[in-house]
Amino acid sequence: MKEPIRVGLIGAGQLGFWHARCLAHDIQQAELAAVVDPNEEAARRVAALAPGARWFTSPEAVLSDPSIQAVVIVSSDATHAELIEGAAQAGKDIFCEKPLATSLAEADAAIAAVASHGVKLQVGFQRRFDPAHQRAREIIAAGELGPVELAVATTRDPLEAGRPGPGGNGAIFIQTTIHDLDSLRFLTGLEVAQVYATGSYFGEGSPEEDEVDTTAVILRFQTGALATITDSRRAAYGYDVHVEVMGPKGKVQVGYEQQTDIRHFSAQGVCHDHVYQYIDRFRGAYRREMEHFIECVSRDATPEVGGADARAAQALAEAAARSLREGRPIDVPLPA
Amino acid sequence: MKEPIRVGLIGAGQLGFWHARCLAHDIQQAELAAVVDPNEEAARRVAALAPGARWFTSPEAVLSDPSIQAVVIVSSDATHAELIEGAAQAGKDIFCEKPLATSLAEADAAIAAVASHGVKLQVGFQRRFDPAHQRAREIIAAGELGPVELAVATTRDPLEAGRPGPGGNGAIFIQTTIHDLDSLRFLTGLEVAQVYATGSYFGEGSPEEDEVDTTAVILRFQTGALATITDSRRAAYGYDVHVEVMGPKGKVQVGYEQQTDIRHFSAQGVCHDHVYQYIDRFRGAYRREMEHFIECVSRDATPEVGGADARAAQALAEAAARSLREGRPIDVPLPA
Amino acid sequence: MKEPIRVGLIGAGQLGFWHARCLAHDIQQAELAAVVDPNEEAARRVAALAPGARWFTSPEAVLSDPSIQAVVIVSSDATHAELIEGAAQAGKDIFCEKPLATSLAEADAAIAAVASHGVKLQVGFQRRFDPAHQRAREIIAAGELGPVELAVATTRDPLEAGRPGPGGNGAIFIQTTIHDLDSLRFLTGLEVAQVYATGSYFGEGSPEEDEVDTTAVILRFQTGALATITDSRRAAYGYDVHVEVMGPKGKVQVGYEQQTDIRHFSAQGVCHDHVYQYIDRFRGAYRREMEHFIECVSRDATPEVGGADARAAQALAEAAARSLREGRPIDVPLPA
Amino acid sequence: MKEPIRVGLIGAGQLGFWHARCLAHDIQQAELAAVVDPNEEAARRVAALAPGARWFTSPEAVLSDPSIQAVVIVSSDATHAELIEGAAQAGKDIFCEKPLATSLAEADAAIAAVASHGVKLQVGFQRRFDPAHQRAREIIAAGELGPVELAVATTRDPLEAGRPGPGGNGAIFIQTTIHDLDSLRFLTGLEVAQVYATGSYFGEGSPEEDEVDTTAVILRFQTGALATITDSRRAAYGYDVHVEVMGPKGKVQVGYEQQTDIRHFSAQGVCHDHVYQYIDRFRGAYRREMEHFIECVSRDATPEVGGADARAAQALAEAAARSLREGRPIDVPLPA
């Protein structure tokens, strides 16, 4: 067995915890070497998952540690681009949660840094590692539906009292819709030509300018295929990701609703529970994407979902935000 | 268009009402000519479904009316055999709800009367006219499962406060289980070699001797194939008929749970309603069996489910009652 | 029993046949008196459903027959408005399949004629008579979801070889999407403020100008609630109508996929069939809407879904066509 | 963190591999110290899961190693009892796959050894650690169904070409049905009073005496509640465990059919895949039962499912085998 890849994790929130757990326990080829979080308590707690892991409240020590080969960035969105650039300069391979940056310009700078330093970059579009999404893509790629004509994607996040809104300027498109945008590119293999997006704000308090928590988007692909995306942060029943893709020979429908495989029949009808948290829906996908990253680092291979895909989805999310702002469909250039 | 078949309906309860409605409104080739029920109010109400239909509180006038060609017997079980014999003597074609009689000996007498007077007899095993059961039989008969090896049948009747128990001497087998017994013969095309049955009584009050409202039965078919049947009168959630049949190449599963095609998602989970009454589950099957009967009368054809099938299921129900009483499996002779 | 309402049916195609069947057999208070179709064979065949029904190849004889109290218009869309006006002048109560007309101006003229002659008008939005849609509306109206925030509606028509496209100028919005537009107004109780629509053509041959057979629409309601609608004429798997409506307390999801209640398990997985034709999905709803119409005529009541609702949906369909043509969202005035 | 529990695994087959994987990677408190299998290759391969794990082809070295605190026995059924006795004498805590032994007498001897040496014993009834089964038990124990009246349990194992039959003397009851027997005891909290069992052999070749691969069982509980169990080794569609339990207030139904959360709609209908292997259905349950065992060892607690439950299920399986042999229901004494 080769030496394990020593990994520094930056960001010890809920998803950071899960990535750390996978690195520490599930992925033999990885070693969780260090954990960084401005919250000392969080950093300490996550570092405790692996014997020998150190913890820090800022990333410098990790970036400057030559024994650390790769970093996993799960910090707040606004910090991603700078951390990517820093890690690239330090020669670390990089796994970064989506989005790469909060603007396309910053994303481009980060991607350029990755390229110029010759490090690897994988971005956290975990739906690509979900078996159902993968099977859907296989069916579509094999032509079993015929050419894609129409798709319907939905994402619902649980309504959480007190959770702040996504922020102004259509930030939800970068935070949430970006998953649907990537998923539709992944599933259909098509590029988007035009985006129309609108949204509303139903949360508590006054929204910022162009802050929306409920959105509807139409994509027109270059083939003329169409897709809708609806996202909401306000689902009482839990976390829900569905997508269907249709062609002239049929459709595939990905998604599920049940968490515990039991139904209760009574005079009130038939009831079952529903997946509540994203981590429950995509637990396996998060593990598989991290396995893929470590394997790419270990075997010196290129991750399947890197800067180009991240940039393409980010460009679409920005187009959606602009469409929201301008109230009209926005044409999108072909990815380079 | 030929003259419609004039039909006398005997028994104006819930199912009688439905049969009358089909005869009066749905089946062009039939004319509801008369309705008989000891309850004058019921007879009158059901007769009102068809312009010109007469009503009576006893069956003589119907049996002696030469313009009436066929009778539909939906009266209480204990009256079936005598009514069949009377109708046969009067030369009427007969549709009779299951069971033919409350004992095998009486059933044989009724069948003999039918034969000696050369009239037609169809028995009310409506599951045979349910599209899902029919499709299951087609799949099995086409060999798509391979030879049948195992089947699981379940029937649940809704729990109704104040409803009397089925009665002693294993009467539930004749009243309810007989449907499962017939359905399994229909689906598998096999004959039963041995029956083991047991049961319990959970209803209010003291049960009669060998009165059970909850049963479990094992059938061994002559090929060695096995089946279980469980029946209960005590379902809080409604009416439920399921059956699965398995062979070495796969299985079919018949049954459904939803009445209104809507699901409600909330913080309490995902809920839908459930079929509550037998009439809602088998509405179409009741209509189709009656269409089949009228068509057989009209075209002088033999109904698909007649005395032989009724007798076979009745013999199995009697064997189940005997097994309950004696606490051992009962061998069953091949139907003649 | 009152005298039955004598009805003249205009249009003897597939849906005309079903309406005729309901009038002839299911609805006691109705009498199918006459059938009109330019195709003599079709008119004759449908008239044969009722003893004594006459048939014609043009509507004059029906409109001038004083014994006929009501007409059911199921002819081609382009004839609706003129027939409504003629029937109104003749003092007949009117059931008309959607759409009322092929333009809003014509629809307004037809509605004006109905008003000035004091006859009744019901329009064929049968989804309003589907138990699942009705239950959804009840749940929403009772506030069980909280205020509506987001809805997703989908309609898929089966792909039929050789079937002509819907025609130019966004005709699909008037033909198909109008059902979703009405359904969303019915379910949410909200009025639409803005429509954005786009579409593509995937059928055989060259499309007419602005002819699309695959569409995506976003509605913004006056409350800020959003909805998407996707429609396609090209479903290989059959007919599919789904709609979900969400608020902060939950969602309802209407729709179903299975036609025969049987599943087949094999080494290839688990399979069941799918509803193929609209008539199978909405058979009961078509009957109930006609019952409602006859009851309104019989009791001199106002049909629940009349000119105002028809006009509102038509205005939205026209806005969708205009949005398709102009490539921008279209503001919609409040219905008068 | 306390020192991890050093565990010796005996039996390196498919399930042994999974247990080893959990011990090596998932359970922090455990250390996979040694692997035993007569097949050197298998032992070596499984030992490779943990750095430092040793491997052996016979268990003596493990049993005599004082640094090893616990053993996990996943070897062939016939070796269980002797290994339990040996491990108990050596003072090791024991996790043993069901069954404890191939006869009740041997099981009793093994349980006695465990008691006299004061070690812990957990038996591998993993269904008790499945969230759906656990939720069902909670619902039942809370009285939400009322007193249990009827249960239906089904287990289907995939048909595998060339797999040997279960063996004579009703061995399938000890190998497979024992899971259903334990599950029904666990879910209902009731004890069985009487067992009736029958079976057939449909496999290739000639069966041994009383060798069956397809079974049907009826249990009568001491309260009069009834249950059926059907088991088959011959499912073309995969692995399937379902159970429903009913009382006068409703029922719970545990089980699921889908492996990948995707459905494929085409002109052939709607299809999805099915769980194929037991390991896929109960992966989490296997991990949780092992976590429970390690935690009990670590905290000096008594495992929730130990010798008494194992003995009770084994006694029922023996009664089933006897019922098969003698063709009559067998009364079962209350567990001591």
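Note that the chains are named A, B, C and D in the order they appear, and that numbering of residues resets to 1 at the start of each chain.
Rule of thumb we're sticking to: a contact is a pair of C-beta atoms (placed from the backbone, for glycine too) under 8 Å apart; a residue touches a chain by one contact, two chains touch by 3 or more.
Computed from a predicted structure; not experimentally measured.
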{"item": "If a chain touches subunit A and subunit B alike, it appears here", "value": "C, D"}
{"item": "Chain pair showing more contacts of the two, C-D and A-C", "value": "A-C"}
{"item": "Taking each chain's C-alpha mean as its centre, the one farthest from subunit D", "value": "C"}
{"item": "Interchain centroid distance [CA atoms averaged], subunit A/subunit C, Å", "value": "41"}
{"item": "For subunit C paired with subunit D, centre-to-centre distance based on mean C-alpha positions, whole Å", "value": "57"}
{"item": "Interface hub residues of subunit B, defined as touching at least two other chains", "value": "236-237, 249-251, 258, 265-267"}
{"item": "Subunit A contact footprint on subunit D (complex, rising order)", "value": "1, 25-26, 28, 131-132, 135-136, 139, 144, 249-256, 258, 260-267"}
{"item": "Residues of subunit C that touch subunit A when the two form their complex", "value": "147, 149-150, 152, 154, 156, 159, 196, 198-202, 214-216, 218, 220, 224-228, 230, 232, 234-237, 246, 248-251, 327-329"}
{"item": "Residues of subunit C that touch subunit D when the two form their complex", "value": "236-237, 257-258, 265-274"}
